[in-house]
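Please read the structure below before turning to the comments.
Labels A, B, C and D are assigned to the chains in the order they are written; within every chain, residues are numbered from 1.
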Amino acid sequence: MGITLEQAQAAIQAAHQKSLELGVKMNIAVVDAGANLVAFARMDDAWLGSLDISIKKAKTARFFDMPTGDLGKASQPGGSLFNIEVSNGGLITFPGGLPITDSTGRVVGAIGVSGDSVENDHTVAEAGRVAVADR
Amino acid sequence: MGITLEQAQAAIQAAHQKSLELGVKMNIAVVDAGANLVAFARMDDAWLGSLDISIKKAKTARFFDMPTGDLGKASQPGGSLFNIEVSNGGLITFPGGLPITDSTGRVVGAIGVSGDSVENDHTVAEAGRVAVADR
Amino acid sequence: MGITLEQAQAAIQAAHQKSLELGVKMNIAVVDAGANLVAFARMDDAWLGSLDISIKKAKTARFFDMPTGDLGKASQPGGSLFNIEVSNGGLITFPGGLPITDSTGRVVGAIGVSGDSVENDHTVAEAGRVAVADR
Amino acid sequence: MGITLEQAQAAIQAAHQKSLELGVKMNIAVVDAGANLVAFARMDDAWLGSLDISIKKAKTARFFDMPTGDLGKASQPGGSLFNIEVSNGGLITFPGGLPITDSTGRVVGAIGVSGDSVENDHTVAEAGRVAVADR
């Protein structure tokens, strides 16, 4: 259903490589078009609490086909989607989750990264996303 | 896997003693490096709702290797980690949870305390933490 | 509500001592009359999966004021309580959980032990139970 | 905390390779000594329901440091551990989960495989286990 294991592993590998370049320890998750886990990697000594967050970021990005940080803008107090995070068994709406599209622009899955600042989480997720989109 | 039962019980005992000094009734939980419970004590007539909170504080402190209150600063509305609390089956991000390091500085577990003001929760947790760190 | 922390810790200590005598590594949990955790200890290198089981045994014993093994006799296929284990967030109905009564015979809590054979689990739980009942 | 990502990915790769040889489509999960996920791969068109089962098999094998099928022998009706499966958020006690030891014999994690017959699940898990044990 969408992304293949080969593509997912390519995304994991690219994100892992980017993490090494940045000197950060990440949890990296890739889900398919059904928002179910396809591949996952936790780097040695990465935060344990980021395991669940990385998977939830990937799911959130696919649930709404947008970067997790975009959803977070609307979930703040007073926002139109306030506290949407309690749905779906828990959403994560800060940066680090991105939909993955194939070469035709169709969403085939998503990647979620957690383990450092949200900026670095996003940068690593982007490296993984591009590895599939460019193939 | 990290903290021993003997160390965990020493932390509980020190935190209990500090609670008696302060005249507060606490729930005190200690988890190991895998964030799994090692020792627990609920003082007579302590808030029942604080049982789960004390365990979640200990887990949260180990999940991210930082005081729970530090995480809470980033999870406020508009913060970079808004609503991170919905992850990992529920995080607690106000003070009262602290990582426990051994004499070499390695994180071997964490302590979580709940039952009074967050200031007192933190003070009691610190007493427990020190009992292990100083051994 | 029922058992005091002092009593619960006495039960834990007696059960721990019995475990050392038997050469087994146990998870030991004590709940109060409300079936909420009062004290807990996990011995070094005890099975990780027995953490939850010890707490569930203690809760189960208090939920029905009987040894967990007794309940298990009625929960077998064809029995009157078949698959009762799925209730209450999960019951454990094999031996190792015992109600704790005070000197007047009133149930004040329960103890649950897990980490070895069900016979040894029961023996250790009994050592903890007696430490309170005899006081 | 036990197994490294490099070891876990070696286990996944070996299990994947064995699955291709057998012509089966598997979900393959590896957890560390704390029973937390380290690496995961779902082969294209593998059963979706086996995703959760593979992770639960890996956790179960580490929770009790034994092959999941061994636990299942004791959890049958009339057995000493009847319905243990309701604990720990759900255990899987049929074959396909194996503890992973390092070269010194220490348990560093576990592998869980699901997607075909339990015999094939076990065979694939064994291929993954050996890839780490032999390094």
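We adopt the following convention: a residue touches a chain if its C-beta (ideal position, glycine included) is under 8 Å from a C-beta of that chain, and two chains touch if they have at least 3 such contacts.
Please read these numbers as outputs of a predicted model, since none were measured by experiment.
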Label of the chain whose CA centroid is most distant from the centroid of subunit A: C
Geometric centre distance via CA averages, subunit C-subunit A, whole Å: 42
Computed distance of Cα centres, subunit C from subunit B, in Å: 25
Between subunit C and subunit D, centroid-to-centroid distance (C-alpha), Å: 29
Residues of subunit A touching at least two other chains: 48
Chain contact topology (line, ring, star, complete or other): other
In the complex, subunit C residues that touch subunit D: 47-50, 52-53, 56, 72, 75-77, 83, 85-86, 90-94, 117-118
Complex interface listing, subunit A residues touching subunit D: 4-5, 8-9, 34, 36-44, 48, 51
Contacting residues of subunit B [partner subunit D, same complex]: 1, 33-36
For the subunit B and subunit A complex, residues of the former touching the latter: 34-35, 60, 62-65, 77-78, 80-84, 86-89, 91
